[in-house]
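Note that the chains are named A, B and C in the order they appear, and that numbering of residues resets to 1 at the start of each chain.
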């Protein structure tokens, strides 16, 4: 069967996990926009202080970092450090032809670990909680990548 | 026909859009370098103050953020938040076998929206203009990703 | 032969280079964690000052930027600016069917340039050294991307 068919359960598993992670990451940008509008601040560029329909009363304070906005930016940055690598690592991993159940556990496990990481970060849980959830996702990523490397090397 | 052939119009459309976006993003790094050299500043690492052929007259002021350099860094960061996701989302989207004309409209439309976003950001247009252009690209990205997710789920 | 088979020497070359670069980039996250633990600082979120098993003696100084941690963050950020683009550019490039030897020179050359860039950045070599190593990798990336674009355009 065509390895890149969305009717193939293995590739469909990857596509579902990948698209969920893309939507999650894009969601951070929209959440940043939402919080900037709610806070009327947390902007970054000098021109953001021009009077416009969306910013009728500009104020220099709007360029000061706003913790509610910065928190989303940190979560977003954490996604940028992880998700693009996952998107490629997961793709290459399914090309090694792993057992479907294992692939589902790893790919969906990764998605769940990132959603929980988001929840922990958004609600300001302790560093220990956040780090544990990040570690689970990172170990899944490393496992899939190392497995692919070994397969490409002929092992 | 081979789905990943550059002779296939659908995959070629993706490849053209993807490579243009990669070159655009790499261009931001080169533009940062160019502006750092023109401004003789905007550096970030302590060792950048060592006397070298490219920096014959070091000065601690060179480590102070320089707005002309920072503007390019912000544009670059915006690319990092968007382009890697687009590269994978567009790839998966063409695997769903969409109509060629629709794929061209979405993929090339995305490229155009990002180039206009770059022009608006570089020339310091209002936040409203920049945000509108970003939104167009983001909605295209979300549409392609959601369409792929539905296809992978069997809809 | 199946273009996406890890038994195909061309695709295996890509897969080896790609997985090495993914592992390298993930390594930066782990190195950041390691240095934050060694320095007991360089944290970023207010909640990181809560008393936990991993941080038994919180101190507001722990949120001040720590240069040993910031250095790894800058290296990590440089990876984020380059590696995701490389992962897609390399994939599309091998789909153009280049000579194996050329593909190996470019893909493995890229990996070597990034590892040397890491060594130069970690050990605080001059900006000139670091920039030269970055330039080699960036030119390889641009070459592969431009070659793919030309192929997709029918040249």
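Basically, a contact is a pair of C-beta atoms (placed from the backbone, for glycine too) under 8 Å apart; a residue touches a chain by one contact, two chains touch by 3 or more.
The model shown is predicted, which means the values in this text are computed figures rather than measured ones.
Trainee: Over half of the interface residue numbers used by both chain A and chain C, so same, or under half, so different?
Mentor: Mostly different residues.
Trainee: On Cα atoms, by how many degrees is chain A rotated relative to chain B, nearest 5?
Mentor: Between chain A and chain B the superposing rotation measures out at 120 degrees.
Trainee: Can you give the whole-Å distance between the Cα centres of chain A and chain C?
Mentor: Roughly 17 Å separates the two chain centres.
Trainee: Tell me, which residues of chain B touch at least two other chains?
Mentor: Expected reply: 4, 80, 84, 88.
Trainee: Give every residue of chain B touching chain C within the complex, in rising order.
Mentor: Those in contact with chain C are residues 2, 4-6, 12, 15-16, 18-20, 22-23, 25-26, 29-30, 33, 43-48, 50, 52-55, 76, 80, 83-84, 87-88, 91.
Trainee: Any idea which chain C residues touch chain B in the complex?
Mentor: 3-4, 67, 71, 74, 80-82, 84-85, 88-89, 92, 95-96, 121, 124-128, 131, 138, 141-142, 145-146, 148-149, 151-154
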